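Both complexes below contain subunit A, partnered by subunit B and then by subunit C.
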Partner chain A sequence: MNRETLTSAALVLLLLGIPLAAMATGHNFYVTLASRMAILALAAVGLNIALGLGGLVSFGHAAFFGIGGYAAGVLAWHAMMLQPFPLGLPGTKLMPVIWLVAMLAAGIVAAFIGAISIRTSGVYFIMITLAFAQMIYYFAISFPSYGGEDGLSISLRNAFPGVNTLDPFTFFLICYLLLLAGLFLFFRLRDSRFGAALQAARQNETRLAAVGVSPFGIRLAAFVISAMVTALAGALYADLNRFVAPSMLSWHMSGELIVLIILGGTGRLAGPVAGAIVFVLFEHWLGGITERWQLYLGLVLLGVVLFARGGVVGLLAGKARHG
Partner chain B sequence: MAEPVLELRDMSKAFGALKATDGVSLDLKPGEIHALIGPNGAGKTTLIHQIAGSIRPDAGTIFFLGQDIGHLGVAGRVRLGLGRTFQISSIAPEFSALRNVMLAVQSQQGTSYRFWKPVLSDNSLVDPAMAMLERAGLAERARVPAAELSHGDKRRLEIAIALALEPKAFLLDEPMAGMDPEGSKGLTRFLDELRAEAPILLVEHDMDAVFALADRVSVLVYGRMIASGTVSEIRADANVRRAYLGDES
Partner chain C sequence: MQTALLIEQLLNGLQFGVMLFLMAAGLTLVFGVMGLINLAHGSLYMVGAFACAAVAAATGSFWLGLIASLAAAAAAGAIVEMTVIRRLYERDHLDQVLATFALILIFSEGMRWLFGSFPLYLNIPSLLSGSVPLPGGSQYPLYRLAIIGVGVAVAVFLWLLISRTRLGMRIRAGEADREMIGALGVDIRSLYTIIFALGAALAGLAGALVGALQSVQVGMGEPVLILAFVVIVIGGIGSIKGALIGAVLVGVVDTMGRFLLPRAMELVLDASRANTVGAAIASMLIYVLMALILAVRPRGLFVANA
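What follows is the complex of A and B.
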């Protein structure tokens, strides 16, 4: 095993160890915290496909995170209220169905946003993705049927056939297994032909076009896949909090996901896992001491950008190698 | 003589007041090397860009394999069979030399939308890419990150990538630029044989190479074609001597 693989394995096992240690020592609250880590990590794995592999600095991934959250909230609400959607389609409390709807909805929206924004680059791309996400944010706020500004409660966590999702550790395991699936997807994508083209688009798009591959299509596909993974995390996040609010769609959320990736290591397989662990612990511990914990996070981030470009994974595993 | 593979008609391109391409027509016939020479700033690279699709001409038409390709983008023209190299090496710097060529191989196979199989253990990519590196004399450097290659090796990598595309015409923009004399000689021999695979539009400053290789030579000065003919015709041309060769020989 090389250092990168070892680091990834260690980080993934560390995340599993947190709730186990918490339960063994009676700190059950940390199980929920670990679920939060796993979910944010999964959201960032999604963003890492676009940003890390493709160099697409999307400042609007909260849109997809929130769409996932609202898919969970809205489907559950219709199921609880026994109110079918137009055309008589029923709501549902079944997680697998919710996940599918969340991913499909985000995929369609991402195809639309991507088709417009991917024609631009640099700061323009950042701004256009931000603008689209804010549009969806304000739409959610001003749309009263699903709670508007107040958000939407999920009175009882959604169900997964055969397991009790109300048990915190069981719910953690669901999140954790989906994170593993997300990581595996990232790993296969990265090393595939598509991944090669995507990374070439980031390194030198002129070169990619000069071998006959149009960068636009490659980036658009990556953006859509990326959004779908982040939306899946959003659906889990709604179920973790049993609540979905417009704040899931806000630019703060987009910023957090980017911060998380930079902290962990941009483009690195386990970067989002490291980033999520650090971020959530920071938020929990420092946030308990001072209101201004984000200031200190900002300083850490500055340190990473200036002195440790590869983030946590870069520190542990060294520079990325592409074979 | 056979139909030209590539034909430019009355191409023009201005950057503001500067006419970088001024009514240029030329063609490229099967099996030949057509050299494009001219002083720095004459508009050679700009012309290559227009053929490749990375700069839109203001006027003029380009026929490739009998088809007007004006509406196609860069990638589309490559897929039709126009393989180019850049005057200033353009490679994916983090990828190894091998992976740079593998990218061309997968594109040539039309398989860039495969999402699952790892490329590094995929012999249908690695083997052809290695073969191209070998032809370009770069096999021992296959696993080196492209950014770490020497200048000359980057030039060879450009060639290997173009070979992997199996193009129907090559556009080579100063492939010898910055190579040592040994490297230039090797590349001259290589291009001499390459013309049998596909004709070459060769922009080159190295006059030894041009006179050794070219079936035809066209001379560009201030965006205008001032002469076009065989090597001996061009050597004898008074205009060319005054405008260009005079300061060389």
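What follows is the complex of A and C.
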């Protein structure tokens, strides 16, 4: 085992250890906090596929996070109100169905956004993904059927067959297992032929084209997969808070997802996990001490960008083998 | 009556566009010359608005406030450039996005610390508080016309500055080949600081002017910042001319969309549904416009540094 694998394993186990330790010492609140970490980590794992492997700096992943959230909220709302969708399709409170719908919806939207954005590169790509996410954000605000600006609450957490999702630790385990699945997907993608082509597209597009691979299709596929993983996390996030609001779609959310990745280490397997643990703890502890925690978050971020490149994983496991 | 309303909305769109131009000009200049994407530009807009509101409240003069907004935003821009931004020119865009995102957090919390969470209000100066008759019998506020005038003046000023002065020549040279002008003995570090401060001052001016129309509060710069991004993406990043045309296009399309779409929807839907659907589509209209323009011209309408 090399240092990178060891670090990854340690971080993933640490995340499992947080709720266990919390329950053993009676600090049950930290179980919910750990669920939040797992969900944000999963969202960032999704973004890490596009950003870390493909070099696609999407500043609009909140769109997919929010679409996942709204999939959960809207399906549950229709199920609770006993109001079928047009064409007579019923709503549902079943998590697996919700996850599927969330990922499909985000995948379709990502294919559309990606098809336009990926023709551009650099700053254009950053700004266009941002603008598309804003478009969806404003649509969610001004479209009143599902709460508009006020958001939509999910009065009872959605169900998973055979387990009680209302129990915080059970819900944490669901999030944690999905995070592991997401990490496994990232790991397999990175070392696959597809992943090699994707990373080559980031490193040297011309050479990739010279060996006969068109970067466009590869990037688009990566963008869509990335969006689907982030949407799955969004659906979980809505269930965690039992609430979905346009703020899930806001550009601050997109920024936070990027922050998680950079804090943890760009393109590293366990980067999002490390980033999410640090970010949530930071938010919780500093938020408890001072109202101005965002000021300190800003200063820390600035410090990380300017002086500590490579993030937490870079610090623990050394530089990436190739970047 | 309808035509008067139409003209009024057109002027509103123009005024909105001109305000966006003040923001977009700085962004596009900074990107064109230094290759930097600056998310904190909206914070400088906020700094300008707060400086104007605070000085106007203390002295009772809007005009002193306006000068203060220019000075405060330029100073904030210069300080940020010298302490943080300067280290980012050689970095990739991801680092720039993240560092300037961090600056937004710092600026927003800092402003909240200084001025509290409650919005400040800024009165329109008495000289400009009247209104002007429009053809068709309605009245249009003089202040909004003055904003349009300021925008036109800034556009002319920038054009003269860039095409007729020594500083402008250096800016153009910096866009074309930054290593070469450094080798020719131009102090490129202070040139960058000056450009950044100039862009910041324009953003601060926009903030102060708009502050009298809306309330002055933390976070006011962010929606404008994103619209300014849309503007420079449409216009072609780095092009001042593109920023001007893109800004007017976005301002007019957005305003007219919000005005006309609900009415157009009434032809096919009942009134209340037409209003909500129309408003929802109108809020997305400029992004659709951007997508359409980029589908045809992926680098915007006016490609700079081609």
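Here, the second predicted complex is superposed on the first by the 321 of 323 C-alpha atoms of A that agree within 3 Å, B and C clash if a C-alpha of one lies under 4 Å from a C-alpha of the other, contacts with A are read in each partner's own complex, and residues count from 1 in each chain.
Criterion: a residue touches a chain if its C-beta (ideal position, glycine included) is under 8 Å from a C-beta of that chain, and two chains touch if they have at least 3 such contacts.
This one's a predicted model, so the numbers in the text were calculated from it and none came from an experiment.
Novice: In the overlay, answer first, second, both or neither for which of subunit B and subunit C A:Ile218 touches.
Specialist: The first partner, subunit B, only.
Novice: Please work out whether A:His27 is in contact with subunit B alone, subunit C alone, both, or neither, and reply first, second, both or neither.
Specialist: The answer is neither, since A:His27 touches no partner chain.
Novice: Please work out whether A:Arg3 is in contact with subunit B alone, subunit C alone, both, or neither, and reply first, second, both or neither.
Specialist: Neither partner.
Novice: Going by the touch definition up top, name the partner, subunit B or subunit C, that contacts more of subunit A.
Specialist: Between subunit B and subunit C, the winner on subunit A residue contacts is C.
Novice: Is A:Ala196 in contact with subunit B, with subunit C, with both, or with neither (first, second, both, neither)?
Specialist: In the superposition, A:Ala196 contacts subunit B only.
Novice: Do any residues of subunit A touch both subunit B and subunit C, and if so, which are they?
Specialist: Subunit A residues touching both partners: none found.
Novice: Under the touch definition given earlier, write down the residues of subunit C that touch subunit A in their complex.
Specialist: So the residues of subunit C touching subunit A come out as 31, 37, 84, 87, 91, 93-95, 97-99, 101-106, 108-110, 112-113, 222, 226, 229-230, 232-233, 237, 276, 279-280, 282-284, 287-288, 290-291, 294-295, 298-300.
Novice: Quick one: which bits of subunit B touch subunit A in the complex? Just the residue numbers, please.
Specialist: Listed in rising order, the residues are 52, 54, 73-76, 78-79, 84, 86, 90-96, 99-100, 102-104, 106-108, 111-120, 125, 143, 145, 161, 164-165.
Novice: Show me the residue ranges of subunit A that touch subunit B in the complex, using the header's touch definition.
Specialist: 188-189, 191-197, 199-200, 203-204, 206-215, 217-218, 221, 320, 322-323
Novice: Of all residues in subunit A, which touch subunit C in the complex?
Specialist: 51, 57, 59, 116, 119-120, 122-124, 126-128, 130-132, 134-135, 138-139, 141-144, 251, 255, 258-259, 262, 266, 292, 294-295, 297-299, 301-302, 305-306, 309
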